[in-house]
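Here is the structure we will look at.
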């Protein structure tokens, strides 16, 4: 069966390592914070100037001067640090963040990602997304495999304006965990109960399917 | 003499010399850490034809949203705009030009402007529309875009505390774009929550040295919250 | 698990993985704010063929002067060197190459390296030998030199206090090159006067966030003074 | 009579304005701090990371963590700030310092300055000098008009390796206060008792001499 949003987040969380500094985008990526393995320490970076983002505040501790990149009120963990946007993106651009998780509209087999603009809709802007995809060595994209009409978003070539070129290596959808290399998607894992054929059917890109495709453990 | 006393007591003084068609940087991320009173004053002045450099463009009726209402902005440079409906209208009607800039590139362009760096290379935006018309270059196997720096006639920033000499400290994530903008304005005006005497701020922890700041004014801040997210008070994990 | 505990208790651990022919940044301005114990340890290791990036090169018998004695440096990148006699010898004999770099350009090259900026334009050095072989460009009527950034295999920095997670604060002018170098090392080792628990450093005034720091060691510092200038104690102006 | 080192500093100090942020180089420029006009406030920037440099400490207050760009132990005034070398040169390169005073071996009528290297002598490095001359709008060079053999250092073209090109506008020597513009030195003032002819004799550069050349007031 296709993964839920939370299950996608759970699978992403398995890629975390103790001591990782991680930037989580808005949407499913944010949920990853709920599934950090027991006893593992991870520091969340929020690109508006916070390393060590904590959970939401209570009504008593809410502070308008302490928000995350989604403009939500948050808290800071012990050992956190605040800094300017320039410093924050120095961290990101300089490759100091260990893992970045973010959503996308489309990805393609060249590692391109489109995540910020749909022509014809109001353009709100890329925010920090272009910096994140250009700066991070280690990116996981979480997205749905196809749109509601069954049109694949795992493509040979992105159709929407790009957020970054040649920068994506790993993608998790509700159906599959895939790696992009040598100009193709490689199927690493499938969602429990989802067949390789179902994945193949919803994948427009070249998909390399190994003999054995294990099921995800979520 | 009072060479280093930068305190002004009225918003008129704070924005003396502000005119139509100027380039103005405005600190803040969303509504967090914005110079509310200075924004209000520009709104009162009614200056038009402004090039506004700000990560966001406020919301309807608050922050830069007010400048939109009065059609004060002709060009908006930001990374994420359009949290208000009016923005869309002005954009579609062509009354306003918008130059979308990746957030980190924007921050660095402003820092570079203040630091006398006219241009720098960044990988951000390579292969995207952001790179259109810009020089690109391969360096050690990666592709980069040349980005020119940004400066402004006025930089309007919001700080937590200032001393009378213009040394500034910011608070938590209300810092955001404010320190870089403070360096990049020909005239930098800091609206702050508290003004203290020189020596009261620890010189080891000044975020913005006074050399960058021309005027300081004490403001009143509403500090409106955009996304009020809380957990129940009894949940104690 | 102890994912963020970066404290090491021996200099061997602090410099584990340090080998010949590496590029190493060393913080400090003159002898102020140098990581004395880490410098000593590299000296003990006897690593040779090093490219040392440091504003200065120490004095005879102290700081990087010790590396010179053991002929550990093959290339020195700094802005003001040769406060010791040995330096001159090594330079003239061709045992060491020296790349003199304007101090501000050096600082910015290191910051750029840490911030993922591969190159930037600066007016500094235009029309001088520093610009030889480098791209120059006129932008808005001024002339600039394109300067590539610097990174290092190891950055050895000196801070005042660290928490166990590697958040650093520096003290007075002992800060100098240390914060930028901390961002530009593949492995950054901070030698500090005091290690405290997380939470003891105010998150609003962290100079170097722990993300940049891989190892922290508590050192003993002689803090030698190069130019001991004093006024008489009774003079009270 | 030719000015003393202190008199040169006194003349430079007349160019200060209340509220100026000033960077003073090593040597005669340092002496300018002793002649700040009564009641005028000036903040001294030291490029190793201090805005608000004070006088030398006492034996009791000496602090090895607090030095100036000449590596001398100093103090900080009330309202000072410490910062990194990158921030310090952001100030300098970004043109935020109101006045920079520094020494030179040679200057020429194109505004070039040579101050850091004499071929054949040990090259110690340019330190922050190249950044200072490139970054400051307002620079005053203090130097001797000629060497001890009477060879002019006010030249048509510098002979030594340059510190900066086309960046110098004002020069004060023991004999004269001169402005560089339109490819020539312009004599603004002469030292008390020094004749225009004496200055002319020791100036190799093109020197524009107005009808009346006032004496400096020092």
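For reference, chains read A, B, C and D in written order, and residue numbers begin at 1 within each chain.
Note that a residue touches a chain if its C-beta (ideal position, glycine included) is under 8 Å from a C-beta of that chain, and two chains touch if they have at least 3 such contacts.
On a predicted model such as this, the values are computed, not experimentally measured, just so you know.
Q: Kindly list the shared contact partners of chain C and chain D, in label order.
A: Touches both chain C and chain D: B.
Q: More C-beta contacts across A-C or across A-B?
A: Most contacts of the two pairs: A-B.
Q: Of all the other chains, whose mean CA position lies farthest from chain D?
A: A
Q: I'd like the Å distance between the centres of chain A and chain D, where a centre is the mean of that chain's Cα atoms.
A: Here the centre of chain D sits 55 Å away from the centre of chain A.
Q: State, to the nearest whole Å, the distance from the C-alpha centre of chain A to the C-alpha centre of chain C.
A: 36
Q: Counting only Cα atoms for the centres, state how far chain A is from chain B in Å.
A: 28
Q: Using mean C-alpha positions as chain centres, tell me how far chain B is from chain C in Å, no decimals.
A: The mean C-alpha positions of chain B and chain C differ by 32 Å.
Q: Could you check chain B for residues that touch two or more other chains and list them?
A: Correct list: 108, 111, 115-117, 122-123, 170-172, 203-204.
Q: Can you list the residues of chain A that touch 2 or more other chains?
A: 76, 82-83, 89-90, 92-93, 135
Q: So what shape is it, when you link every pair of chains that touch: line, ring, star, complete or other?
A: Here the contact pattern is something else, fitting no line, ring, star or complete shape.
Q: Applying that definition of touch, give me each pair of chains that meets it.
A: A-B, A-C, B-C, B-D, C-D
Q: Tell me, which parts of chain D touch chain B in their complex?
A: 17-21, 39-43, 45, 51-52, 76, 78-83, 87, 89-97, 135
Q: Chain A touches which residues of chain B in the complex?
A: Residues 29-33, 55, 78-83, 88, 91, 98, 100, 102-108, 110-111, 122-130, 143, 160, 170-180, 207, 223-233, 235, 237.
Q: Any idea which chain B residues touch chain C in the complex?
A: The contact residues of chain B facing chain C are 108, 112, 115-123, 139-140, 142, 144, 148, 169-172, 202-205.
Q: Which part of chain C faces chain A closely enough to touch in the complex?
A: Contacts found on chain C: 1-4, 111, 113-117, 163, 165, 167, 183, 198-199, 203-204, 206, 209-212.
Q: Could you please specify the touching residues of chain A with respect to chain B in the complex?
A: Against chain B, chain A makes touches at 46-50, 55-60, 62-68, 70-74, 76, 82-86, 88-90, 92-93, 112, 122-131, 134-135, 161-166.
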